[in-house]
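Shared between the two complexes below is chain A, which has chain B as its partner in the first and chain C in the second.
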Partner chain A sequence: MSTIDFSDPATIAALTEALTAAGVDGLEVSGPVGQLRLVVSKGEGPHIRLTGGIGANQAKAVTVKAPIAGCFCAIHPSVSEETETLPRRVSDKDVVGFIRIGSVLLPVPAGRSGLLARRLAEPGALVGFGDPLFEIEPQP
Partner chain B sequence: MGEPPKNTASANRRFDTVLIANRGEIALRIQRACRELGLKAVTICSEADRQAPFGKTADSVLCIGPANAAKSYLNKDAIILAAELTGAGAIHPGYGFLSESAAFSEAVEKAGLVFIGPDASSISTMGDKISAKRAMIAAGVPCVPGPQTALPDEPATVERTAQEIGYPVIIKAAGGGGGRGMRVVSEAGALHEAIALTREEARQAFGSPALYMEKFLQHPRHIEIQVLCDVHGNAIWLGHRDCSMQRRHQKVVEEAPAPGISPDLIGPVGLACVAACRQIGYRGVGTFEFLYEDGEFYFIEMNTRLQVEHPVTEMTSGIDIVHAQINAAQGIPLELRQDDIRCSGHSFECRINAEAPESFLPSAGTITELALPEGPGVRVDTHIHAGYRVSPYYDSLVAKLIVHAPTRAEAMARMREALAGTRVEGISTNLPFLRALFEDEAFARGETDIHYLEKWLKQRRAA
Partner chain C sequence: MIEIVETGPFNTVQDLGRPGYRDIGVSAGGAMDPLAVRIGNILVGNPQDAAAIEIQMFPFKLRFEVPTVFAVTGADGQPLLEGRALLSWCAYRAEAGQILELKQPPKLARAYIVLGGGIDVPVLMGSRSTALRGGFGGNAGRPLMKGDRIEVCALPQPLPLPAGGIAAVAPATALRDAFPVADDGTLLIRAIPAGEHELFADDGEAFWSQVWRISSRSDRTGYRLSGAPIKPVKTVEMRSHGVVPGVVQVPPGGEPIIQMSDANTAGGYPKIAGVIEADLWRLGQARAGSRLRFVRSTHAEARAVEQIVSRYVEDIERTSQMVKRALKAMT
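Entry: the complex of A and B
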């Protein structure tokens, strides 16, 4: 699935045009790496105020969330516990935890590169869809 | 009639935890019933409902998917998985969502859980309008004149059928419901085009092009009969309701009993419904819906689930329908007999919807202030509170205002007071419309038909 780059000036311009044409005052978009807020002022024609922004919000820590309900495992059951050291550097494809559903173990990828700073769920806990599991801090 | 079929598969099933596969007021209503029966209640929710009160009052809550209902409240696998993860032994589907899904009922039972509702076979039979009609005729339930088979393709046969029924006729999708997939034909010249259009609609909307034809009743009322069955072949009916106050086939106000219909007239129909339940091996609660015109009842469909309007029957019969439904699912024999049912007084229910009172467009937002009525004979089933955010993702029903009084006139007066004492700020609701409706003289006299509300609204707009 393709994603829209909300830090792209052309995308922002197109959104602004569409909002103005539709008579909409503003738009907020929340993404995995930040928020974009567009406010169209009514005073002197289309006027854009950008607050935050996907591109400007890179320094913010992001949360790795449970992709499905199940039992949270911070490490693979076959691996010794010593390997779970925090904080540690991870790449976007690294598996940082698992959700166990019966006999199925679903890997949870980091989703972005950075420093895996904190675990937010207790190992063995029942977690729901979207529950926070880890926090990743961006690395330069 | 032979020995009624019994659902032995779940006759000895017991559970101590119920997973409620629904949201809003009905999730709270089922939780209350579970608590009163000494059962634990687990609630699922979508991400949009993470802060909803029904999650806070349950014994446990599990988010199973995003706001999109297709990925949460309609996600069969995720719901069954949630039941397994939380140790629930049964799933209550509430109303809407998966409550009338035969596939869901079957999947739940296959997973070794109890589905609090009828089995897949009953849901399938009653979900298909043609097979439902056939089953009703076999049980002696009166049906709308028309063949109990799907319409054939041959034009001459279809024309002959319409002539035999007599115009106007209505063409309906066999798998349809909720007012969709139907077309009225008032003369022979319009018949074939109507069939072609409805068949295509049925194919696209319901996955089956099967159609059937019935006599179109011009001024009917919508009358319902509530039934309650166990898995041991016991079945009773709990009285009748009038749900004629509808806008675009959606009920707005319901009442029990239906005004102006004598027990002698409806009694045999109620007993025929009970016979039909025994014949198809129905378990749990259900509702037979009828059109009523010129002293005759015509079966239209059966809802194989708990109804939104069940409280009016609870108020008049004194029976907790959700308790009874859960007990039936546990295989507990029904102790009540038909002679034990004594309905008394009159009850109304108003559906308070988050919508603009004139345009009826949904109104999402945060409730800033809330005042709900109290007092003898007043009941409010709701999930909202001041600060609650009404989600744009789901049904606009935010509360059910229910009253009970010794007579219909007194119940109407009580509802007027209750409506006057209800205040929901921060969003638009249909309260002004409901207040005006309860001042309407024709409604006060009773016996208004299913088209009355649309005409009433049209006149108000024109005035």
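Entry: the complex of A and C
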């Protein structure tokens, strides 16, 4: 089961666009800690209300999430000897892992610089869209 | 448009070749590792046969004059974009003015730079490949030179590239089970006994059992092998006859020649074997000095390996488009 951070503005924006593109009027998501309601109103642009903080990450660390469903690879499949070294410093464009779908690999960039502190998914595991893969601690 | 900033000799524009003109003395030519060209083209969103740059002499540098989607496939090692290490077998987007640099690969022989839209040079006899011996095709029939500026075709309605790029698992990894390598790293090349195989003693035992070394006198036309010479049991005078890539000839000196992409269209040396087509890309990636051993194969096995390769290519074509579409819908 994937955990999507519904308090993330990027997620909300993506959902809104997907709904608009699909011609859907609205979406309501409820969870133990809050509620998200998106209403796509004709001609006026979307209306978004967030109460509480669904899935909001309490810690300072940020998670790198799976951009698509597939098989999680912590290292490139063509690399046999390299071992994963955690924690390590990464910059935003650094590729920290891959999602493998058949023989296609989708590189997962860190997205922000910091300390790649923890791996949250097992190498080889099937992950869903939005599943947490890594935790990055912001560094001064 | 791209500009060649630095190149070694003999780096050329190649696509999948111009088969069908051997009767008028035109070699099929085309990339030495056609699988790398096909996969690269798929990743950037081109038809599989779009023209690419084949780099066999390093280092190589080019400058993108406009934003361009590109991938570097074939060889191992990491291409550098503005000094930042990238993955090979991965499509990226370069901005105008950025420089792509390829250094000598650690193990393999040839890298392919594939650009979104494909290299735009005139199509001659159905192909954009450079025919060096004939001096036609590709970029004015010659290798690339520093200062060359080359057009890139426009890609109609490309799917947007994922932000972090999109990659393929290289065939040597993805198809490991179908392409065996000996424990000591010797390349195992499958071949089928050819026309004059019976001229060699003990069913060609000396040819099949020894480890050959690819000599430095090897190029896109053919690989000369070094090893213990093999001689036919009797001398035959043969008329010249048609030759295709993969044919293994034994000249009087006894050290075999494997005809490669720019194979001669005809030859008169006895043919001991023919390398199966599905193994030719691996030879194309083998460097001078590397070792290989021939393994006796069959038409059925050759066909089976071809089907495995086809499925791999089809999977990447289908899945990469699916992934691009899914990410486009989500962003």
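The definition used in the following text is that the second predicted complex is superposed on the first by the 77 of 140 C-alpha atoms of A that agree within 3 Å, B and C clash if a C-alpha of one lies under 4 Å from a C-alpha of the other, contacts with A are read in each partner's own complex, and residues count from 1 in each chain.
Going forward, a contact is a pair of C-beta atoms (placed from the backbone, for glycine too) under 8 Å apart; a residue touches a chain by one contact, two chains touch by 3 or more.
Predicted model only: the values in this text are computed from it and were never measured.
Following the overlay on chain A, a side-by-side fit with no clash is recorded for the pair chain B and chain C.
Once chain A of one complex is fitted onto chain A of the other, the partner contacts of A:P87 are absent, as it touches neither chain B nor chain C. Look at A:C71: by the touch rule set out above, it reaches chain B but stays clear of chain C. Contact with chain B, but none with chain C, is seen for A:L126 once the two complexes are overlaid on the shared chain. Touch criterion met: A:G102 reaches chain B and chain C at once. Ranked by how many residues of chain A each touches, chain B and chain C are led by C. Least inter-chain distance for chain B and chain C in the combined superposition, rounded to the nearest angstrom, is 5, based on C-alpha atoms.
Taken together, the two complexes place residues 68, 101-102, 129 of chain A in contact with chain B and also with chain C. Put simply, chain A touches chain B in their complex at residues 68-71, 101-102, 126, 128-131.
Those residues of chain B that touch chain A in the complex are listed here as 45, 47, 50, 61-66, 72, 78, 81-82, 84-86.
The residues of chain A lying in touch with chain C in their complex are 14, 17-18, 21, 67-68, 76-78, 93, 95, 98, 100-109, 129.
If you check the complex, the residues on chain C that touch chain A are 84, 87, 90, 162-170, 172-174, 312, 315-316, 319-320, 322-323, 326-327, 329-331.
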